[in-house]
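Working notes for the structure below.
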Amino acid sequence: MAPSPIAPPAAFGYPVRVQPHHTDYGGVVWHGTYISWMETARIECLRSHNMDFANWVGCGVDLPVVDLSLQYHQPLRLGDEAVVITWLQPRRGIRLVWQYQIQNRATQATCVTGVITLVPVNAEQRKILRQLPEPVQSDLDRLYASML
Amino acid sequence: MAPSPIAPPAAFGYPVRVQPHHTDYGGVVWHGTYISWMETARIECLRSHNMDFANWVGCGVDLPVVDLSLQYHQPLRLGDEAVVITWLQPRRGIRLVWQYQIQNRATQATCVTGVITLVPVNAEQRKILRQLPEPVQSDLDRLYASML
Amino acid sequence: MAPSPIAPPAAFGYPVRVQPHHTDYGGVVWHGTYISWMETARIECLRSHNMDFANWVGCGVDLPVVDLSLQYHQPLRLGDEAVVITWLQPRRGIRLVWQYQIQNRATQATCVTGVITLVPVNAEQRKILRQLPEPVQSDLDRLYASML
Amino acid sequence: MAPSPIAPPAAFGYPVRVQPHHTDYGGVVWHGTYISWMETARIECLRSHNMDFANWVGCGVDLPVVDLSLQYHQPLRLGDEAVVITWLQPRRGIRLVWQYQIQNRATQATCVTGVITLVPVNAEQRKILRQLPEPVQSDLDRLYASML
């Protein structure tokens, strides 16, 4: 396995605590739960740059996930505190490629790593949008600039 | 506690098996999981009467839950087989009142009982609809008639 | 419908933001999502009193929900900010009765009200516990005292 | 992108219908929902071979996901009928590698493809198990033989 990339200084950290509904019979976080955490981290990262995803949706743009790749290294348990670290990869076409690392706050261990790719679509017909309406386009330009 | 009502012959049974994602750290079904099962049972009950809920939504009608009351009597565990029994209470105005019993298939024990009330709204403004468009109105008339 | 009780000064507020995975096709929070928010609010309320629910579980005590009653008054939408207000009703036997109000932060509207009742059980056999091990018993005594 | 592999004759098909709780504000299945469907398909595939996953857990074996890779090609909408097709890749060490294709039943379109890798661990310490207790070992031998 390739070593996990190092989070850049501009990466965003979203703190989360393991609640009962995150766990399964094994006493650990169920593997699908992380997908929700990663979504929230992505949207709160946008908010930290004063961008409102609900506003993008209001402009007729949706951002569905087209590719998702996760590696699970260590479990998290009920009550554990974690941080979902995320950053955007340099722009390459219209796809947004978000890198992820989820760390156990107490042990600093990396529990999950992953990459999630999204693509802008027209919210109605769900066709890929190659030109984005304002303010989505200028928000994205600003977001990519902030990651440099 | 009032004794649980007896399911009428017209009640609908939706079979379900406890999967890992239904459970929590306690090894039992997480209490919120039953809400999804009850929703599926409700919609599959409609389908058993040749009514397609997605079609109602396509006609601009949504049916949000306005009241939900559940009692948890016994847990279900990983791999357990259960049946979600549901039936509609006699018509009283515009509210649809669904009665529920969830039984463990192996032991016949009643694990959860409940009542869920829905009200038709306009899908856009989410205002209560006192007059329903076709075919929703005739579907509902037929549904109530089938429960007698 | 009985008017909703007024939250006492000792009530706990857990802030939450509506994320995509909280919503359904109607563009509003799916009714079952609130159950997770209420669970998190309950456990973070304990934490605000320096009580660690995971520690209780480690002592062999679980707190399953035995009764849940929710009224849905108004929807919340993608991006909305809400606060889940919760407080414990005065002690009456072994049941813990949590009162809930979920408010839209922008409009101050009460969106959901409810009551959730839990009962302590032995984590293994899931039998009701009439005597609680330490530190669960003294934690609960302290929690009830704080609500006065 | 590499073309999706062709499902072998021994592949298992798990039918599913898109319910309200599977969808998000976009009116399509939320990307994390598929993870639950895939888990259920995997466990029901075992059951179709008379293997009970809950029994494996009872023997002290858990099978956590260690790698998950999904591609989303087309959305599914409320009420759509789909089939989750899954099969096990030929044995290569202790990892179980499950291949997935989710198809829209009406259009035959492939909506999601993916690969999910699991590894057996001791349920208590969650250490990788290189030797499996009975009947897990003979169940797995039989499962791999059935895929040929």
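The first chain written gets the first letter, and so on, giving A, B, C and D; residue counts start at 1 in each chain.
Everything below uses one rule, namely that contacts are C-beta pairs under 8 Å (C-beta built on N, C-alpha and C of every residue); 3 or more make two chains touch, one makes a residue touch a chain.
Keep in mind it's a predicted model, so treat the numbers as computed, not measured.
Visitor: A-C versus A-B: which interface comes out with more C-beta contact pairs?
Guide: Top pair by contacting C-beta pairs is A-C.
Visitor: Which chain has its C-alpha centroid at the greatest distance from the C-alpha centroid of chain B?
Guide: Most remote chain from chain B, centroid-wise, comes out as A.
Visitor: Distance-wise, how many Å sit between the C-alpha centres of chain A and chain C, to the nearest whole number?
Guide: The answer is 28 Å.
Visitor: Just how far, in Å, is the C-alpha centre of chain B from the one of chain A?
Guide: 34
Visitor: At least two partner chains per residue is the criterion; list those residues in chain D.
Guide: 20-21, 25-26, 32, 35-36, 39, 57, 77-78
Visitor: Under the stated contact criterion, what part of chain D meets chain A in this complex?
Guide: 25-26, 28, 31-32, 35-36, 39, 57, 62, 64-72, 75, 123, 126
Visitor: Taking the complex as given, what residues does chain B use to touch chain D?
Guide: My answer: residues 17-21, 35-36, 39-40, 43-44, 52-55, 57, 77-79.
Visitor: Which of the residues in chain B end up touching chain A in this complex?
Guide: Against chain A, the touching part of chain B is residues 20-21, 23-28, 30, 32, 77-78.
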